[in-house]
Amino acid sequence: MSDKLHNYFEKNKAFFFILNILLIITLLKLFQVYTNPETDFASALTFGNIKFMLFGMEDEFGGLALTFTIAIVAIIFSFIVGSLLGVARYSDVKIIKIPATIYIELFRALPLIMVIFWVYFAIPIVAGAIFETKVAVSALTSAIISFTLFESAYIAEIIRAGLKSIPKGQFEAAKTLGMNPWQTFTLIILPQAYRRMIPAILSQFVSLFKDTSLVYVIGVVEFFRAATIVNNRIYLSFEILSFVAIVYFICAFTLSKIAGQLEKKVEKQLHT
Amino acid sequence: MSECIIQMKDIQKHYDKFHALQNVNFNVKQGEIVVVCGPSGSGKSTLIRCINKLEEITSGTLIVNGHDLADSKTDINKVRQQAGMVFQHFNLFPHKTILENITIGPIKVKKMTKDEANKKAMKLLEKVKIPHQADKYPGELSGGQQQRVAIARTLAMEPDIILFDEPTSALDPEMIGEVLDVMKSLADENYTIVCVTHEMGFAKEVADRIVFMADGMILEENTPQEFFDCPKTDRAKEFLSEILK
Amino acid sequence: MGYEFDWLVLLTYKQLLIDGFIMTLKLSIIGIFFAFLLGSIMGLARASTNFFISLFATYYIEFFRNIPLIVQMFFIYFSFTLTDTFLFLETIGNGLGLENYNEFFSALIALITYTSTYIAEAIRGGIQSLPKGQMEAAKTLGMSYYQSMYNIVFPQAIKIVWGPITSQFINLIKNSSLAMTIGVAELTFQTQEIDSITFRGFEAATAVTLLYLFLTLFTSTIMSLVDKYALIKTSRVKGSIR
């Protein structure tokens, strides 16, 4: 009988997907009724509050919209820097391989929150020391720089794994056609590596999306920070944080499901 | 008429839309040696895998060694102790030594002591002619040796029935003989054997009965002599001419 | 030179660093232990053939994986007073030499639930990568599902995914840094502490970076040793895949 149910669900995926979300919300409701019976969602989730959490203040850009923006901008930059690092570590040229390796291993050993702090406090100092100028960066810029530095190390490893999975014959074929290393990589190797790495990169993106919540610590008013600001005013932690958790869940879950679908499409392509 | 040790009546098995077993009626007497053959996809593996419930039937009656497999009170683990199976790909446990592979069943399931189990296992290894491999790991043995260990592992549980699922199909030709020899020696003992195989020589020598399947149905059942000399259906004739090339 | 380095501050304030390091250790060791335990259970459940058990495990994994760790920590810390509901936590807290029970346990629980989801997925991957024949062979010998899992499947699966599990343990150690946002005085917290007292954030951050590097390398080494001496041998597992 459970087999039949299972088959039914396999065939109606969209229905199952919505059912999942509804079921989880129901369970949460039960949890809430048990632990915090007196909740005041109405005053917590006023139109004004929700608008603030999703979009930030009137004349500024913030909230959930900013969360998405940070994630997208950061992944693009990380992708570029990460590709360079990944190729550098993959290569056998010691002068580029060793610094790349050190960079990657360093940033993979550090907690992201430390990198965020580091960058925020170090930029003015480093700029002052090297360039002898007083530079002040906005928290947002510093956040994007931190994410780029951090995520590029992980993307680099993904790219390197992708490069390793490409048969040597591809390199040899390109060589025999007379291509130089740059051409080989950009025209033949990297396009193939990217296709194989799409699932891993997408999952890294979902991670990044969740990690944007960390810029809370330097005051960037993205979704999480906005929610804590609201909470500091009205002190309805359970309600506000439940809302935050549910929104994050819906976004991250949906993103990872989309990533899963894309992965299946790519797999089909690779095996034609 | 003695109660058959395996009774399959009106068996149907569906995989979603695919009708893997159709109206199968199959009975095996105690001590009988039955060879099941047929083209690939005919359902022969499915048939024997239903006997020890590795596959579940969709409908029909299935009684093994007196146990009704459809009854929820039946302890399937007990049934499986009585109906051992030898697989095409051996399925030895790679992280255990040869000796441990053979003793793990008796120790964990039959609650034998380690010493008893080890003694028994060594005797079985001698029977399959590889006692010196006892402390090696499966990865170090050849395919033929691994399959012989697999047979010893099954015998260690003292089953009444032994099911063979294409035991030599994954072996290099020069090793098939040594495994068939072991199987032939089992035929002289009191085991009930159901064997899915393409080895027609083995069937001729040893089988009491041959069952020919195609498209999920049993098309012919006969003594080996009669099956090979005068096959009745066209499918069987086709199959035999291919096999005996 | 625009900035003068003063490394001696680290010596003066070394106690803060030591305290932070020990706090990180407490979070990490207890966290790793329970995350592995919970992750193994959920991974086995997720790989189960029982539709409802595996569905429940899926819900658990998706739920605690998609909510950011910092949100989980905040939720537990701000919505509940843990020591009121679970009085035994106070005793355990005393045993561990803690002062702020609620902060510590909120962070710890969130770390455990979050990391256990990744460990669960890794273990599920390991179990499902084994040839089906292993489970079938165990079953044909008459072993129950649990016997088969315990003796045959799980030992092989753990070996296969030991690398990813090591990564998750290291992630937990790094993620313990988030506990600072709810007031747990672990390593990253101390960076800020030292910075606010001495304005030598750079030096403090360097020291803390080295300490995290040390923790990461130490964990990798221990896991390699466990792999070498306690787990089944690789060549054995490869040999079965024919």
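For clarity, chains are labelled A, B and C in written order, and residue numbers in each chain start from 1.
Following the convention adopted for this analysis, contacts are C-beta pairs under 8 Å (C-beta built on N, C-alpha and C of every residue); 3 or more make two chains touch, one makes a residue touch a chain.
On a predicted model such as this, the values are computed, not experimentally measured, just so you know.
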{"item": "Chain-level touch network, classified as line, ring, star, complete or other", "value": "line"}
{"item": "Chain ID, smallest distance between chain and overall C-alpha centroids", "value": "C"}
{"item": "Furthest chain, CA centroid comparison against chain B", "value": "A"}
{"item": "Pair of chains whose C-beta contact count is the highest in the structure", "value": "A-C"}
{"item": "Chain A-chain B separation of Cα centroids, rounded to whole Å", "value": "53"}
{"item": "Distance from chain C to chain A - Cα centre to Cα centre, in angstrom", "value": "20"}
{"item": "Approximate Å spacing (C-alpha centroids) for the pair chain B, chain C", "value": "46"}
{"item": "Chain A to chain C touching residues, read off their complex", "value": "2-3, 5-6, 20, 23-24, 27, 35-36, 106, 109-114, 117-118, 121-122, 125, 128-129, 132, 210-211, 213-214, 216-217, 224, 228, 231, 237-238, 241-242, 244-245, 248-249, 252-253, 256"}
{"item": "Parts of chain B lying in touch with chain C, wherever the complex brings them together", "value": "52, 54, 77-78, 80-81, 83-85, 87, 89-95, 104-105, 108-110, 137-140, 143, 150, 153-154, 157, 170"}
{"item": "Residues on chain C engaged by chain A in the complex (per definition of touch)", "value": "1-3, 50-52, 59, 62-63, 65-72, 74-75, 78-80, 170, 174-178, 180-181, 188, 191-192, 195, 201-202, 205, 208-209, 212-213, 216-217"}
{"item": "Residue numbers on chain C that touch chain B, as the complex places them", "value": "131, 133-134, 136-144, 147, 151-152, 155-156, 159, 232-233, 235-240, 242"}
